[in-house]
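We call the chains A, B, C and D, going by the order they appear; numbering starts again at 1 in every chain.
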Amino acid sequence: MTSRLIGKTPNRRSVLGGMAAGAGALALPTFFPGYTHAQSAEPIRLGFQLHRTGIGASYGRWYERTATAALNVLNEAGGINGRPVEILFEDDGTDPARGAEVFGKLATQSNCDLVFGALFSHVVIGTAPRAAEMKVPYLVCSEGHHVASGMLNRWTLQPGITDVKSQVQGMAPFVTQNLGKKVTMIFPDFAFGHDHRDYFTAACAAQGGEVIAQIAIPPTETSFTRYFPQIPAETEVIYHVMVGPAVLTFVKELGEFYGSGARPQLFGFIDSLEAVDIASPGLEFLEGSHFWEAHPRYKQADASEHEVFYRNAVGVDDNGASVTDPADVATYAHMFSVWETLFVIKAGMEAAGYQGPADRQKLVEAIEAMTAFAESREHPQGDKTFNGKTHQAFGHQNISQVQGGKLIRVHRTSLEDGYYPDEVDYTTQSF
Amino acid sequence: MSAGARIWALHLAALALLAAGGVLLPAYHLTNFAKVMVLATYAMGYNIAFGYTGLLSLGHALFFGAGLYGAGMLVQHAGAAAGPAAIAGLLAGGAMAGVVGLLALRTQGVAFMIVTLMFAQAGYLTILYNTAWTRGDEGIVIAREARVLLGFDLSADLPRYFAAFALFAAGLVLKLWLVRSPSGRVMIALRENEERSRMLGYDPYARKLAALVISGLYAGAAGAAYGLLFGYVGASLASTQYSILPLLWVLLGGAGTVLGPFVGALLMFYLIDYSSAVTTASLLVVGVALVLLVLFAPKGILGTLRERWLKWLP
Amino acid sequence: MSFGPFLLLALMEGMVTSAVLALAAVGLSLVFGIMRVVNVAHGEFFMLGAVSAWFVSQWVPGPPVVGFAAALILCPLFVGAIAALADMTVLKRLNYEPEATIVATIGLLYILQQAALSLYGPDARPVPAPFNLRVQLPWFGYSGYKIAVVAASAVVLLGVWRLLAKSRVGLVMRATQYDRETARAFGINVDRVYAGVFALGGGLAALAAVLIVPIQQAHYLMGTDPLLLSFIVVIIGGLGSLRGTVIAALLIGLSDGVISTFFAPTLAKIVATLAVALVLVFRPQGLFGRRAL
Amino acid sequence: MAAVTLLEARGLTRHFGGLKAVDGVDFTLAEGEIHALIGPNGAGKTTFVSLLCGRIPVQSGSIRFDGADITRMPAHRRVRRGIAYTFQITQVFANLTVFDNVALAVQRRGGHLAEETQAALSRVGLAERAGQIAGTLSYGHQRVLEIAMGLALQPRLLILDEPTQGLANAEIETFKDLVRQIVPETTVLLIEHNMDVVMDLAQRITVLNFGEVLATGTPEAIRANPAVQAAYLGG
């Protein structure tokens, strides 16, 4: 579906007529030097590869809301280079083949200047070749290591979210120092899980811990209890990272298995419970356990003003649910990447003096030249460094504990915790 | 005009139109048509097994995947060039079909459906499992440098279109020749009445195996072409969905018609592509369209045309 | 954990898987056996059952057990009605032509998935179990509700068996299965029987889903896996054989439970998948089917 | 009779569960003869010829055809050796043209497709209907088409399973002429209920009853055989 989202952006006619922009917008001419020039008032069109259907639909819905909110903020503050911005959403069915087709559709049929927004790794990897063929920038929000690993290309960048290798590596010090040294990992038996297995096992060893068992759960599994006896008795920490619609079952069954008796510490990636209420029946036993969160779902006591602004703008309440429906829980730990990516696009386009598709290469170079993003309204998750060679951003990670049915942050990693040697230098590659 | 001449004229005209499309189509549709032609080649292979020989397989994704990964792995891990990789993919599809056929063809009907489904599922799980080689569900990107055939850059719009066209045209001509040949008549006879065919002295097992291997060669070639032309090799392309899709395309276009698979694949592609312009509930559009089509053209588009008007259509 | 309890747990889990499989498959087996319709949308009826159970659990006030009881009655009726409607408006008009029904039910699958996505949303949502009982064994704890699911499954299957074998309705169905034209000649309204069988198949899928949803959550894509597994169970068991379906479900569920507990699970799944294929290769009529397919 | 044996079965047996469909049958077929197989319903006639042509596997006993042991040979290879079979229940390719039906038989043995197909059709009087879809033929024409397919194989032995069932009298006469024309190049084994046809055509008759051979002999000998009379009249 191409739903054209103009948000509260003025359309061209209203601007030419010297009118104030649409409802709620500011008096535009004051803020937009050169906006009266019809040519440059042509909107910048951004394509958004949206997981509206398919397995990623839970994420997709919130990615769309976040993008919409960010767009409103962006346009109210004057758009990009004084031009209003549009986002065109197109459903990719969370499918890599359709993803590549949607990319082409957005770039050619809808004349988008660039495409962003994809989360699922297989969609990103399936689409990236198309981006390079068409020479259209592709900014992904997927936290996969595929960008920084050098697998993709010069046109594909991930400036909005830390990659999984860095995230996992950043967890190891806290886990080994605070939860225990003998770790059992439970992960899905395909690439996403294998990344966790490989990166964490290495990082854990580097911190003096040891992964004593690796329990791989087959894809398509909907019941997990039978795997729990494989958890060695001497396990101090269970590291779990499950994805897909069956994750709630996983957590509940783990609870049933251990009951209220003694159990190892639990450390999990919130991916398991994105869009799921921590207070759901059966999840009580998570009390006291720890989760990785890129961005804390529950509003923390020390939340920054930027974080509060972002939360309000997207329409998320203090518990991480929609302000209109408390049962509608956000994919809060990931969706900030859409917001931040949009503002990286703005900064990049303005730095490159972006006029139109002819400047696409300049835009990529401008983003590659970036080195850091300060914590701000544009970057509410926190400050980040950006590695132009690997096209990858590195941010702080959070570890939260379930306390009284809420996730409370107990640790924030340093940026250095997540650094690793470069695996690629995209800037040496041709366009 | 004799029946044969009329048939060849129609199909060559269709090919000529597609060739002209390479020059006339705008960039976006050029890539779409290239993809549709590759997928239609896969579906034509499926049609040889299903539409002509009566083998309702639910495991063709295995053969498509064999071509895709056969070519992709060779490029990725052995640094092979596009030409040898394409040939490897073709052969991998045929070989896989041969192995599966040797076993699965001991069964018929629903059991055959399930056996092929299970083999394909095992293949899919194997791809997911061997992350070190395949990157599992994520899949791998085939480097652009490797996507060059006879000096043509397959990642560029026009060479890609004509590479897909060449594959499709070869597949179409071969198929048209095959189904109108005596061997094709035997395949149809097997579909219609296996016991009667046996009592005319044909070995059903061997004939069906041959049809399945040919079908697998088509699937393998299409899989290899998919990887090389579009640069992505992923497990979702070997999932059950990709076994059901060619069945759907063939049924939509008309089972047992030479052009049907192309018509079906094209229709389905643009149905999905345009439904998003109408509503966010795009699956609904697709679902309703399928139901309406089958209600009003239960033999598929070309199948219904043939039944009503064009009795000579092969 | 020592071997004995480990095996016990594997067997208990296998029993639950078997119960779920048998329930999901029995409706398919009926439709498949009597109407010879390959209903690709069967999994979506299952999904609709689970999703509608969530709605019922939201609407019905009081303790979860009340909502659950209401769902047990309302959801199968609702889904059965949808199935009957689909049969009368589409499948009947296709004259149950095998190929046309495959396309039509694929279309139905898309329609139902989109309806669930639009009305219910993309999230997996839990439905509270009617009771929360954790059975503590000396070695590990286990969900009391799961044990109840096994029992309920047995009751439902027994009911279906009685319906088919002992009642007049069952006799009419079997007559129709045996020979549609002869049944018509004997004054049986075949159209009504077919609509009824299709509704019954859909209703049983929904009933299975209501029982299962407290341990699995409702999700709009949850129908795909049960569809494939159900097909396998039905074919392995032998077409139209209720006994075969149940035994095949037990066989597959228990072996899956045990194999994936003791061996590298994904590898085990691959091997088990191939094994199922080979069983059919060498016994294509299924384990309990009498006639060749 | 200058009997060169074309086919010889020894102790041929096939049981279905408790039913002894064919039970230790010895049987010889002389080259060039028209041989009828008769017997009450359920006597095992169709099962017996199915064993001969390989549609049903033999349990015990042996079959020699043209000097070679074909007991374990699959059906399609027996056809290639020259055993053709026409089905009791008409089995033409209903969705193919009449021409294609016969062409399938001609092309298998590598004959000249168009000419020989037309020739076979002319022989049974279907030449004008070559382009018609076989399923739209009348029942009688479909039976004749089935025989044409058998003929087009140019078999050494043609097995006809109740060929005149459902045919009108005039059609039966044509059929009888046809059979007379093809011997002695082709040997004919005929299962038939119509005694007029049997007595008119057959040079020898074998009577099966309860899976066993009751009698074998010339039509006159069979007519006079008291055991046969008892089986038919008393049974």
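FYI, contacts are C-beta pairs under 8 Å (C-beta built on N, C-alpha and C of every residue); 3 or more make two chains touch, one makes a residue touch a chain.
Here is each chain with its UniProt name: B, C = Branched-chain amino acid ABC transporter permease.
If you're wondering where the values come from, they're calculated on a predicted model, not measured in any experiment.
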Touching chain A and also chain D, the following chains: B
Contact clusters after notional removal of chain B: A, C | D
Farthest chain relative to chain B (centres taken as mean CA coordinates): D
Chain at the geometric heart of the assembly (C-alpha centres): B
Distance between chain centroids, defined by C-alpha means - chain C, chain D (Å): 49
Gap in Å, rounded to a whole number, between the CA centres of chain B and chain A: 37
Inter-centroid spacing, chain D versus chain B (mean Cα positions, whole Å): 43
Multi-partner residues of chain B (at least 2 other chains): 125, 128-129, 282-283
Chain C, residues touching no fewer than two other chains: 114, 117, 266, 269
Two or more partner chains touched - positions in chain A: 53, 189, 218-219
Touch-based graph of the chains, sorted into line, ring, star, complete or other: other
Touching chain combinations (by label order): A-B, A-C, B-C, B-D
Interface residues, chain B side, partner chain A - complex: 26-28, 31-32, 35, 125, 128-129, 131, 135-142, 144, 155-156, 230-232, 234-237, 272-273, 276-277, 279-280, 282-283
Chain D residues touching chain B - in the complex, by the definition given at the top: 53, 55, 74-77, 79-80, 84-85, 87, 91-96, 100, 103-105, 107-109, 113, 149, 153
Of chain A, residues touching chain C in the complex: 53-55, 57-58, 60-61, 189, 216-223, 225-230, 233, 245-249, 252-253, 256-259, 261, 275-276, 280-282, 328-329
Footprint of chain A on chain C - complex, ascending: 1, 5-6, 9-10, 13-14, 16-17, 64, 114, 117, 121-124, 126, 128-129, 132, 134, 136, 140-143, 215-217, 219-222, 225, 257, 260-261, 264-266, 268-269
Contact set on chain A toward chain B in their complex: 1-3, 52-53, 90-91, 95-98, 100-101, 104-105, 108-109, 121-122, 125-126, 128-130, 132-133, 144, 146, 151-153, 189-192, 194, 218-219
